[in-house]
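Both of the next two complexes hold chain A, though its partner changes from chain B to chain C.
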Partner chain A sequence: MTPGPGRRLIPAYLVTGGRSAPTGPALDRLAVLLRTDSALGPETGSEQRRLCELLEPGALTVVECAAHLELPVSATVFLATDLVAAGHLHARPPIPSAGEIDRSLVERLLVGLRSLH
Partner chain B sequence: MDSVPSTDRGGIGYLPSAAETLMKLVVTGPFGVGKTTLIRTLSEIPTLHTEEAMTQSSTGLDDTAGLPEKTTTTVAVDFGRLTVQDDLVLYMFGTPGQERFFPLWEDIARGALGALVIVDTRRLEDSFAVMDMVEEQGLPYAVAVNRFPDAPAHADEVLRKHLDLDPRTPLVQCDARERRGSIDALIALAEHALTCLPAPQESS
Partner chain C sequence: MALIAVAVAIWSATRTYQARREAYGASARVELTERQAKAAEARTLALTEEIRQLARKRIPAAATALSHRSAPVPGLREASGIEGDAARLLTEAVQAARTAVLEERGRVDAAARSAMRGTSAKIQSLLNQSQHLLHELQHEYDDPRILQLDFRNELALRRTQATAVLCDAWPGLARQNSSLVEVVLGAQSRVPGYERIKVANHLRQERLALVARAAEPLAIALAELLANATAYSHPDTEVPVTVQQTAGRGALILVDDAGIGMDDDALERARTLLAGPSEVLLTELGDPPQTGFAVVGRLIARYGFSCHIESSPYGGMRAMLRIPAHLLTVIDDDRTLSVLAPKPVRALPTEAADAAPGAAVEPAAPAPEAVEPAAPAPEAVEPAVPGPAGTAGASDSASGEAAPPAGLPTRRRRSRRAASPEAPADRRRTAEEEPGLRTPERAGAAWAALQQGTLSGRNAPATPPQAPQESPSDDQGDDET
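Right after this comes the complex of A and B.
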């Protein structure tokens, strides 16, 4: 796969608005991001807008968004956190119910892997 | 392949639904050992990468005499995705095995099922530091010997001895370019991870 068209023009520290910690709990790199139907206002920054546009057709994890937008994961977390707070995105943890790996999850994984043979 | 993600514009592999459970594992080992190859073999999306900035202290840990010198390096992390069941998706992150990447490693490995440590029989000693790091992290791991065409073949027992492997740690030999063997390596890791989890509770 060929990388995207060149480097981004805005350095990562500007994406974050100069803050060193996001407002709210940090998102996991595998948190699933979904676009809500709330319309973007004029206050939405260009990088935030790019993230929303990327998510328009479907859901992606934070780390996939970072890769497609060519942003560091940490900067993507910033953008997503603000967009969630503004109601433009919805974020969901990677393991929806229990919150951690348990036996039933690994057993399901094994069944799935064996069926891929 | 059974599960093909929805094809969409621009070749971005969107998740088929937003309701899946997502698991991750780490594929690690020295440079050039075949981490990305294995991920590419298994991934249903073209492998992606992120540039991760890392701040590290370049002086010794106990150096209190001077100000610690901090340097920032950037390291690329490749990753891929494999839908193993309709509602269960596995992410594979290829992380460099060098000790200096430990903080990044920790961050990526948090919440991971385990680590697949890839080794090359021509330079087994290059993998020792990685294995130490994984053990320090307390992550279940399996060793996958990537059989390069020009590398000498060795019996499992010989390799286990040279790698000083715990008898419980799985070792599989595979070709990272081949799907079946690579899946076997994941199965070995998942089976081992299962034995590391607390025993099932008796229903009360």
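Right after this comes the complex of A and C.
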């Protein structure tokens, strides 16, 4: 998959199986993927199997899976949505970045903690 | 006197007789000449007719027959009284015209091929550049339309490349030794309707590869065969492709389709092309030109594999691409195969059986199971996977084969920690810690140990710190503090 000196041999679009968009809800590149307990069928493709094996030890984001599989994120999304639809994976939307902390809440918490002593 | 008179009479009689004879002879000569002149005229007429036949019928028909084999070529006219020599010369004229047409056709075809070769080389290099750009874009942006664009580009590249091959160009790409299965997938990706192509890997050696010089030519040839199979079969049918090794250390790729098949004429023509003729003329390919088998034939003639087509048990045609042993090799273990490459059919169950009962097929709860096989039977795992993941437990050994190359960001602690196996004791410790990463009790214990340590450090700075956190590993501590 790396662009070597010549032409790459296997293009990433093979994963899409000729579809123009993934079937199912769109996945963000930071969406977290989790393996479920379902067993993979014998007809599971090697790339889907590999993705499931990657997630065996724990959760990974889509973009991390893409890096491990050496595929573009767009192609990995196809794989992941298929597996989510088949019930082999859970997808969790990315955790939103932390906003400004409410100062008054923290102060109240501090007061509460002090009053415990 | 009388004597003289008699003599004169005799003389005159003789003269008369002679004259009469001469007159008779003359008239006979005239008749003969007239007859000869008539015959000559008839012959000239016949010859003129023959020449007319030659100019208007025989030579044009001979020229047509060069491109349409079934077209009839008329011979001499039946009623002609042409003798041997003229007839032979007339036939020679047809031959000469034929040769001239053939030579001219060869020249024109060569000029056309050379022009197309130049153009397709230029287009090919441009398409290769756009492929590079698309590849970069794919890794930068998540829009799936870039994948589609890449596919269109690949289709155009295949057509251009096939044209170039047909025009005697070099395939235009140097590859390294390439895994046979990857080459098959590469060929698959160049064909419209590639999703219908199902590749079954029946290789005994997973890393069987093509030598560098044969990799791209085989990909081109196979892509043409696959394009035929998908184009001439119903869009709802599958196109099964089987990759297998033959007894003679060669390899065989079978392409089946459930299509419409071929009639006898087409089959014979295709077999002629697949036999690898020394020259294929563009003018012989029909209109629109059917390039598939011609391209395969050109590559066969140059690279030494072979192809045979016959009726398929699936209903359509079966193409068999045979790769001789001298074009095959085995690639190094350090080259990771693409994730998309299908695993050998036979290897799948054995791998699962080797590693652990639940590794690949039932990954339900690998953590508790991992403790058992790792410690008592590391040798059962190691031969299967010589890599660093060999001792890490069931699920890792199954995935270890295609373990990610070092340097990528990874959250998987198991395979990294297993990279330094030293003693059985270490292995056991590793194995015991693994579940700790997951269970809340373990995590709680680790935090408690930290807290306790901090507390004891604060309370008694003089006393030596007790170290209950010895058993948790270093990098666990690293992560937590």
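To be clear about the criterion, the second predicted complex is superposed on the first by the 85 of 117 C-alpha atoms of A that agree within 3 Å, B and C clash if a C-alpha of one lies under 4 Å from a C-alpha of the other, contacts with A are read in each partner's own complex, and residues count from 1 in each chain.
Basically, a contact is a pair of C-beta atoms (placed from the backbone, for glycine too) under 8 Å apart; a residue touches a chain by one contact, two chains touch by 3 or more.
What you are looking at is a predicted structure, and each value in this text was computed from that prediction instead of being measured.
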| item | value |
| --- | --- |
| Contacts of A:29 with chain B and chain C, given as first, second, both or neither | both |
| Chain B versus chain C as contact partner of A:107, first or second or both or neither | first |
| Which superposed partner A:57 touches (first chain B, second chain C, both, neither) | both |
| Partner chain in contact with A:74 - chain B first, chain C second, else both or neither | both |
| Footprint overlap on chain A, where chain B in one structure and chain C in the other make contact | 1, 12, 29, 54, 57-58, 60, 64, 67-68, 70, 72-74 |
| Partner chain C, residues of chain A touching it in the complex | 1, 3-18, 20-22, 29, 35, 37, 39-40, 42, 45-47, 49-50, 52-54, 56-58, 60, 64, 67-75, 77-78 |
| Residues of chain B that touch chain A when the two form their complex | 1-2, 6, 8-9, 11-15, 17-24, 46-53, 79, 81-82, 84-85, 88, 90-91, 107-108, 111, 113, 180, 183, 186-187, 190-191, 193-194, 197-198, 200 |
| In the complex, chain A residues that touch chain B | 1, 12, 28-30, 32, 34, 54, 57-61, 63-64, 66-68, 70, 72-74, 92, 94-96, 100-103, 105-117 |
| Residues of chain C defined as touching chain A within the complex | 128, 131-132, 135-136, 138-139, 141-148, 150-151, 154, 157, 173-176, 178, 182-183, 185-186, 188-189, 193-195, 216, 219, 338-343, 348, 360-366, 395-396, 398-399, 402, 404, 408-414, 437-438 |
